[in-house]
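In the two complexes below, chain A is the common chain; its partner is chain B in one and chain C in the other.
After this line comes the complex of A and B, so read on.
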């Protein structure tokens, strides 16, 4: 098992570099200065973490998907704040507050992910229906807890630093995202769980006869999705200093877009973490570039569509096979 | 083969970006107005004001952007990129004020001037612009309802949601004014329509069933009067009820014609856009924002300035526009 540079990875890396170079040429130095690089990097984690969750769900096969990601992220933030503010003072012990906030948020993510896992693995519901249901449930809970209005966290120094201040030049939330991605990548590649997940995704029936505990794998997968969503929730809370039920309502589809662009197979069985990371950064840089160039946001939606189709086309199109077919 | 393909892809990507737009290097100060969402009538009208200010003042470059979907996260990302780009001033109509505090603070740290509109609770703004005092606006609605219903009878109020601060202020302002008239009775106040004309319609029907003798309705969100108007029309009570509220002439036109809605008020987003840019320009030039000054736009001739939630100030105009059946067609939005 060594590090492979396959076509998808090569293509994504090329796109990343092309956008950076293109930005430098079209916008000038301001696109490549350290402030903008940091600004773009710190915008990646929210969507990147959700996309990693989508990737996991997709890999498990059987139409796997997690639509409840952003709803659970928001619920984690809302619930954690409401619980923690009554017990820990953000003004007197900001560090304790931040850790308690993160801890409770992770627990909510764990619980929400387990709920998804139970519905999909134990009750055997179709993932798209199950997670649509939990999405509404999580959103509804968050609305009920806040009466629908935003809750401001105020200025909590450690949390604010985590969201906005770079350490050694790297935004802390981006570093966390990379760390999470690394752990996930190692688990998927080297652990028995990763192997089983891929086998289950590529052929559920064969996996079942091979004695792979299908239900447990699915349960663990959706639980991990939930935890990833709650990490996204912590990042959102840190970066916007507030929590609200409808933050990022457009994220569901963008997260799926990132995962599909990264070559994750919607039918299951295949997905690479590094590709998701590169896909997320490519999308962010392109999005920022459009903003720098004052390009309409409607054009951006169109560009995403074109990009997605291009990625799908390039993954299906194998020139060698095509030439062989011609010669025959 | 793959190498060639990669280079080809590279070239295509660069080419696509290159043809998309040519970027002009600008030395003049740039003021960017960020709205809640692009493509809505309200903000299309606002853009007219933003563009007009840029045309009148060759010294600055003005433009308006907004996300394609109304999502606070998308709006925050847009501003994030503007901060990195280092424009001179940002004028924002926040989707959700508290979600933008962080990014606007960073904007100020980079020396970018920040102006907001409809966000009087915002801390990280230099000037927040309000078209009018919300309590007074609510009281004006009530005054019209009172006059129309002969200062006696049952009336009710609608809000987009209890979380929408301005809507609640309008409803409260109305209720406060109604206390002048002891014959008027407020029933089941602050019905939530969730900014949905259909929900407003259903709520209004419920109320008409519960209080068949109700005479007055005060709308909160811009679509409330549409829903109320439909319910009133279906019940055939056009002449027996008084419906006033915030609304847009184009959307409400047919109900104004039929008399189901008696009058609407609004503020002209074009003027708001113009004033936001004017104030941004003044702040850029270092001019003082003074109480009682004249911004040269109807409704903003004598603005009042008070202290805001943070370091900044809140600038309040009297920029309401009242229309009824006779003059709504003058407003093309």
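After this line comes the complex of A and C, so read on.
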């Protein structure tokens, strides 16, 4: 089980370097200076964490997908703030406030993920319907709790530092993202859970006959998705110093795009954490490049849509087979 | 899972077989379940607030059901074939906005039938593109249509325009004002049932006819039930995929025109985000998201149920901010009940 550099990984690394070089050429040195790199890195985690959730759900197979990610992220931020502000003062004890906020948010994510897990694994709902319903439900709860408006957290120093201040040159939230990705990667690669998840995703029937506890695996997977979403919710709250129900309305698409770009198979059974990380950084750098070049948000959405379709097409297309056919 | 009901009814041994039988019969006939929910909602809302039983309110619900119903019929056909479509609202927005623009700026006296045919053709082209992509990329239709949804919508907003059309063409405006039935209530308010309801009725009958009486309808259910077996039986998967998405696009194009003529306004930002409640309506009507089932009657009932839930909450004093959460609960509940159905 050594570290493999497959086609997808090599391709994504090339894309990352190409976007960096392209940015340097098109925008100039300001694209490559440490401030811009840090600002780009601090924007990666929210989408990266949601994409990791989508990857887990897709890996479990049987049309697995998590559409409720960003809704749950927003709900955990909203719910945590509303609970914590009544009990802990953000001005007197900012550190306690931050930890309490993060703790409650994680609990909401855990509960939301378990709800998804119960619906998919126990009640036998199709993942699309289950997460579509909970997406509306989570969003609706967040709307109802905030009466539909954004709520400002104010300046809470530890939380703000976590979102915006680099430590040893690395933004703290980006470091957290890398740590989460590392843990998830190790779990998927080396633990029995990871092996079973991949088996279940590639052939559910065979996995059932091999005695793999299908329901428990599915439940754990969707619960993990929920926890990842709530971590994204904490990062969003820390970075924007506010919580609202409609933050990141196009994140459902972009999270799926990152996962598909990373070579995660939508039919299940395959996905690599490192590829998702690289795919998230590539997309973020591309988005920043669009920003530098003053490209409108609408056009950016167009580009994401085209990219998603292009990567779906690319996964169907095997250059080696094509070359072989050409030589014949 | 269905066995869970027998211990619950065990204390009354005489009732046990009939209760279980009713439960099983209900699971086999999901539209009845939807109808019961509609009756329950009506009874509860009507007893809390008698204003509910006014003709004006009934007309409002029918009017609000028209655009949703047209979308839902398209989604029904796609779901029956085992796919899912989330791009139809983007198609509708694109078609309604560009046709309004075309007619206003270049051919202000285009008659309504021509506009409808143009919209249907435009929508069908986008839909056929969806079908071709899904077939040739061999990717899940949810992911492909999320992609095309973004492409179509942001193409509209980037290259076609973002400004509202406040003055829509005369033919569309007069169509929107066309009344099928006008009711004068005792206190002098006049409520109108618009003629666009007829368009929905025609579309519903046509969809029923296609699904139940034609070969392509059989093919849609067969492919939805099991694509591998359907292909070996000689059904052409590509034809079916292109047909269902083109049909959904066609209905979406017409729905877009209905939306403009009843609102007397063409807004390119409209309709986005309503796709989930439409899919919810079709699922509430008993269509399996995994394909091979679903009926026009059930879908229409599902649309009425969703419209009821989103229109009447205010009448019983629930703030409209709770609407999304309640629709979400309805989807999950319906999904859970229908997943208890016997698997074929």
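Convention: the second predicted complex is superposed on the first by the 309 of 328 C-alpha atoms of A that agree within 3 Å, B and C clash if a C-alpha of one lies under 4 Å from a C-alpha of the other, contacts with A are read in each partner's own complex, and residues count from 1 in each chain.
The rule we apply is simple: a residue touches a chain if its C-beta (ideal position, glycine included) is under 8 Å from a C-beta of that chain, and two chains touch if they have at least 3 such contacts.
Note that this is a predicted model, so its numbers are computed, not measured.
Asker: A:301 in the overlay: touching chain B, chain C, both, or neither? Say first, second, both or neither.
Answerer: Both chain B and chain C are touched by A:301.
Asker: Looking at A:195, would you say it contacts chain B, chain C, both, or neither? Reply first, second, both or neither.
Answerer: In the superposed model, A:195 contacts neither chain B nor chain C.
Asker: Quick one: is A:256 in contact with chain B, with chain C, with both, or with neither? Answer first, second, both or neither.
Answerer: Second partner only.
Asker: With both complexes overlaid on chain A, does A:186 touch chain B (first), chain C (second), both or neither?
Answerer: neither
Asker: After lining up the shared chain so the two structures overlap, which partner does A:167 touch, if you call chain B first and chain C second: first, second, both or neither?
Answerer: neither
Asker: Counting only touches as set out at the top, which of chain B and chain C does A:150 meet: first, second, both, neither?
Answerer: first
Asker: Of chain B and chain C, which one touches more of chain A's residues?
Answerer: After superposing on chain A, more of chain A is contacted by B.
Asker: In the superposed arrangement, which partner chain does A:32 touch: chain B (first), chain C (second), both, or neither?
Answerer: After superposing on A, A:32 lies clear of both chain B and chain C.
Asker: Counting contacts the way the document defines them, which residues of chain A are shared by the two interfaces, the one with chain B and the one with chain C?
Answerer: Shared contact residues on chain A (touching chain B in one complex, chain C in the other): 147-148, 250, 296, 298-301.
Asker: Report the residues of chain B in contact with chain A in the complex, numbered from low to high.
Answerer: Within the complex, chain B contacts chain A at residues 1-2, 5-6, 9-10, 13-14, 17-18, 20-21, 23, 25, 38-39, 63, 65-69, 71-74, 76-78, 80-86, 96-103, 106, 110, 161-163.
Asker: For chain A, which residues count as touching chain C in their complex?
Answerer: 63, 65, 119, 123-126, 128-130, 132-141, 143-144, 147-148, 250, 252-253, 256-257, 260, 266-267, 296, 298-302, 304-306, 308-309, 312-313, 315-316
Asker: Please give the residue numbers of chain A that touch chain B in the complex, ascending.
Answerer: Chain A residues touching chain B: 7, 10-11, 14-15, 17-19, 21-22, 25-28, 30, 35-36, 39-40, 43, 46, 147-152, 160, 163-164, 236, 239-242, 244, 246-251, 287-289, 291-301, 314, 319-320.
Asker: Chain A touches which residues of chain C in the complex?
Answerer: Listed in rising order, the residues of chain C that touch chain A are 1, 84, 133, 136-140, 142-144, 146-151, 153-155, 157-158, 162, 276-277, 279-280, 283, 289-290, 319, 321-332, 335-336, 339-340.
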